[in-house]
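Everything on this sheet refers to the single structure shown next.
Chain IDs A, B, C and D follow the sequence of writing; residue 1 opens each chain.
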Amino acid sequence: MAKISTIGILTSGGDAPGMNAAIRAVTRAAIFNGWKVKGIYRGYEGLINNEIKDFTSESVSNTIQRGGTVLKTARSEEFMTVEGRQKAYDNMKANGIDALVVIGGNGSLAGAQVFAQEHDVPCIGLPGTIDNDLYGADSTIGYDTALNTIVECVDKIRDTATSHDRIFFVEVMGRDAGFLAQNSAIAAGAEAAIIPEDQTDVDQLGQFISRGFRKSKNSSIVIVSESKKDGGAMYYANRVRTEYPEYDVRVTILGHLQRGGKPSAFDRILASRLGVAAIEALNEGQRNVMIGVSNDKIVYVPFSKAIKIDKPIDKELINVLNVLSI
Amino acid sequence: MAKISTIGILTSGGDAPGMNAAIRAVTRAAIFNGWKVKGIYRGYEGLINNEIKDFTSESVSNTIQRGGTVLKTARSEEFMTVEGRQKAYDNMKANGIDALVVIGGNGSLAGAQVFAQEHDVPCIGLPGTIDNDLYGADSTIGYDTALNTIVECVDKIRDTATSHDRIFFVEVMGRDAGFLAQNSAIAAGAEAAIIPEDQTDVDQLGQFISRGFRKSKNSSIVIVSESKKDGGAMYYANRVRTEYPEYDVRVTILGHLQRGGKPSAFDRILASRLGVAAIEALNEGQRNVMIGVSNDKIVYVPFSKAIKIDKPIDKELINVLNVLSI
Amino acid sequence: MAKISTIGILTSGGDAPGMNAAIRAVTRAAIFNGWKVKGIYRGYEGLINNEIKDFTSESVSNTIQRGGTVLKTARSEEFMTVEGRQKAYDNMKANGIDALVVIGGNGSLAGAQVFAQEHDVPCIGLPGTIDNDLYGADSTIGYDTALNTIVECVDKIRDTATSHDRIFFVEVMGRDAGFLAQNSAIAAGAEAAIIPEDQTDVDQLGQFISRGFRKSKNSSIVIVSESKKDGGAMYYANRVRTEYPEYDVRVTILGHLQRGGKPSAFDRILASRLGVAAIEALNEGQRNVMIGVSNDKIVYVPFSKAIKIDKPIDKELINVLNVLSI
Amino acid sequence: MAKISTIGILTSGGDAPGMNAAIRAVTRAAIFNGWKVKGIYRGYEGLINNEIKDFTSESVSNTIQRGGTVLKTARSEEFMTVEGRQKAYDNMKANGIDALVVIGGNGSLAGAQVFAQEHDVPCIGLPGTIDNDLYGADSTIGYDTALNTIVECVDKIRDTATSHDRIFFVEVMGRDAGFLAQNSAIAAGAEAAIIPEDQTDVDQLGQFISRGFRKSKNSSIVIVSESKKDGGAMYYANRVRTEYPEYDVRVTILGHLQRGGKPSAFDRILASRLGVAAIEALNEGQRNVMIGVSNDKIVYVPFSKAIKIDKPIDKELINVLNVLSI
């Protein structure tokens, strides 16, 4: 095992609140450990294009509370090719970078996995995505903040829904995972959540209606996961408009504001713990794993498991929402 | 002039943050003045349907900080008919209500104007709308809060815009008025605002582009007023996608969350002042005026002026945005 | 085991954000289960004084997002006496209450334990306190919100600390537990935390200074747990003023604002899960336990363990703060 | 009149949210005007110590939303001496600075006035202070944000005050001006405000009590202006504890968190307008005035008037609070 004296750090894929807290933690823990740190801009794209700067402890001062990522991020087509990864490796060597810490989601960790195998480079992944869809990590960096952002928005929408006796369909992010939708529905006191995990054969809107749609209530909020398959919130709103023309229906698609904002305390602490643990892992010879927190303990998860295994939504949470929306 | 001993209060039209602060102020100032207060639910609809309750000082306790309206609101088709207004008047008399305080926007005050003339009833209007489009009032109840809500959302979007080098078109409310768009663009540090007041003949997007679109900047945010005429943010995003395919363009339509949320300090103070002034106005025999604050002083504005005269956007503000978006 | 058909619910001790979400969940889950619900006001005091009302599903509508407790809370001297508890029991019977759900901290659960033993009444406790000092529950209702409130305040203080090159000592709540101080220090990027768990023999301020107090940094923030023993933040500020007169030192005692505010998404979900679980526990014959979430699973914790066993602060967190404050 | 080609900008005295928005506006408007900009760090202290950097449009990118001041601030003893101001002038000339824009409060503008007279230098002042105590400007940069910060804190305190039936005395900033106290009391729905403008001979606490202290209400919040004379909130709390021992009294001193945080939309717009106007004023030959917004129009206020004339609190606002706290 080659000795590490310099690490590179990058953020990749969709940005998530808390990425800066993770960059800060990785940077400072590496320096604390006696290593040098190189900041790589715009993800793998910047590694290929040599957008790399020296990072000191001051480079990350006053960033823990900021949304987005000071290293910027991008999706890189070129890194998906053998040639692109070769360029990335050459730049890595040219900059004296011995190991890589990659903060990102599914696709970013898949990239790290391939790169690590191809070039025998120690890569540590940190789960950074608002979607919370990485197996082995109870919570991903950014998820708690996005959840709070959604809930604050729905609180506002409820003010106007209640004042007007309306039904709102609110569409939230999450890609193929319903964590944001299911949990924001519980936290916002919504009447139902329509999530991808549950879209196999039952008609969730039909279920919701058959459970006694609106009953004594004058206003309703339904949280809908974004979905490429069926059109999301707009689809359900249109169905209600057609099938229940007596209801006053509105749609809000929350969109990209879910990705930004100050990270919550939870995300900052999670990112700080993971960043420190990433350097400890490298120091003890770990490589090619994602660091997660599971049951409040630091765990190492092989990239293949983190990416490939589906993370299920706890049935208890589905029950909680059903019981409380009476 | 008949002596007043009981007033009715209602909110009408679109809800706006601060309406509860206004209801509270009207209620307590009336009680302070020795009068009785009746809360009328769901606007003119509730006056027609007799949804009326006695209000005490406690009825409005702990409401000043709440979004929406505890009196609920609605748009009433029936009140637009002579028969509807007759029913409303009959209920008013049956409940012993001598005068009406109406909190709402354009349409609501127009309703009050007709009702007041038809039945010789003292009606006082308070400007309650996030659109800020009532002449004679420097600011309407809810406008400052909506402006802050928009700016907080755009701050979040900027986190992700900056991290990804993207152009965002963000659509905001305002109906036919560009106050929310123009001022949120300045406050959020956006690169441009596209507003209805300016849509006569010049192509605002073309102007913005000819001013040196994106230049040194890597990300841009353009605020677009909602518009029935031209499709709003989606229209401009599609034009950029067609004319500048090299740019990564995104759209967010903020939607109804702009109407909700805790009122800002400004809106609570404005609503409190207007509520107290409404009772003073009734007490001194005023009728059929909207109460506003202009140049930090309480003013009475005839309904006809408040509704009919267009409130212009200060050219200075358009200049400020142009200068600062370099 | 007597069949349950009516439960009583109360909040006791210091209020915590999320208590309303718990009251809502207990109420609706009980109704879902076919039971009746009685809301008991002002904690045990209200049980003794018979301040008890019928609760329906609507009683808890639109409360999930509110801070404080709609049932109000109090500390009851009288309930600490045999006579007081007898009165409470008599009222319970008179109101047809078969079982009690108590939401509160240490002292409140201790009261439930004694009451349950003395009168053979099924009592379920829910951990409601910002201090997070109940054994068996990974997080108490209110803790995550208070943590976020503190971090938002310290973010603001850091703006002014950085602008002025100052050292701030910020005192936070937590009674005898350092969770709020330790974790808010990590999340706010503070330079140190002074916590009760660590106050045995080492001088934490001395340690902090010997680690290279302020070094390259121009401003510093130290989070200090409230403490009856040594005077809290003021004590440390005065020491620095005496020992390092060259530094510009300020103190802020955050105080009661840490108890209020909208609950975070985390606290609302936790409270919702615990509330539903409380009714399930009663339904399956459980009694005299606190319901907690541990490792993301519902657990039952005997009152004696929940109250008596100290919950330790993870050494990993102390290490994380030390590493990141370089 | 000498032609201006380079301006210097500094922030001085206590920091205020929106100072960065003002720095950004001054910088960009100067560049728009074809001038160069020098950022002077740590106020007059940095001018004396030559802490001066070139500022470009990018120097102020992404700062409009940040609290504090990127130029840092300080109070300078040395600038109060003739020798100090001579050093400052020499550095100004050495850096090619033709005119100065000073953002700050009372003391900072007084410094600018003396400096401008002594060395015949064009100085423009912008009102930057949370205290709102500058004559000629309806609102100072930072005031609206601080007001909102206070109101959000008091909203949280009210949650716990209401849950416990307590009286809270909350101490807020404002130096010798009661704007923050009076207006936050109205906006937070407090029962009373104790302000310096009113402390001549009447006992405000006595008045409040004689008006029917607490009556039907179970909890009360009194906002108290900080005061060197009489001890502030603690003094009044102690009086109530002595004179009304039956009440449960608490004190919170909000402290420095009032100075930080993201600026509100209002403060960002105000700061942007004033920054653009400062450059226009210099361009048209104005000098040695403070720029303010009065009745929504840009005005020039001679330094002597801005500083020396007391800005009164509108009696209407005192009446509004009295009426609404019944």
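Note that in this section contacts are C-beta pairs under 8 Å (C-beta built on N, C-alpha and C of every residue); 3 or more make two chains touch, one makes a residue touch a chain.
This is a predicted model, so every value here is computed, not measured.
S.K.: By mean C-alpha coordinates, which chain is most distant from chain B?
M.R.: It is C whose centre lies farthest from that of chain B.
S.K.: Nearest whole angstrom, what separates the Cα centre of chain A from the Cα centre of chain C?
M.R.: Computed from C-alpha means, the inter-chain centre distance equals 29 Å.
S.K.: Just the number, please: Cα centre separation of chain C and chain D in whole Å.
M.R.: Distance between chain centres, rounded to whole Å: 36 Å.
S.K.: Round to the nearest whole Å and give the separation of the Cα centres of chain B and chain C.
M.R.: Distance between chain centres, rounded to whole Å: 40 Å.
S.K.: At which residue positions does chain C touch at least two other chains?
M.R.: 155, 158, 162
S.K.: Taking chains as nodes and touches as edges, what kind of graph is this: line, ring, star, complete or other?
M.R.: ring
S.K.: Taking the top-of-page definition of touch, could you list the pairs of chains it picks out?
M.R.: A-B, A-C, B-D, C-D
S.K.: Enumerate the contact residues on chain C facing chain D in the complex.
M.R.: Its residues touching chain D are 11, 15, 17, 66-69, 72-74, 149, 153, 155-165, 168, 250-261.
S.K.: Okay, in this complex, where on chain C does chain A touch?
M.R.: 24-25, 28-29, 31-32, 57-58, 61-62, 64-65, 138, 144, 147-148, 150-152, 155, 158, 162, 183-184, 186-189, 216-217, 262, 264-266, 268-269, 272-273, 275-276, 295-296, 298, 314, 316-317, 319-320, 323-324, 326
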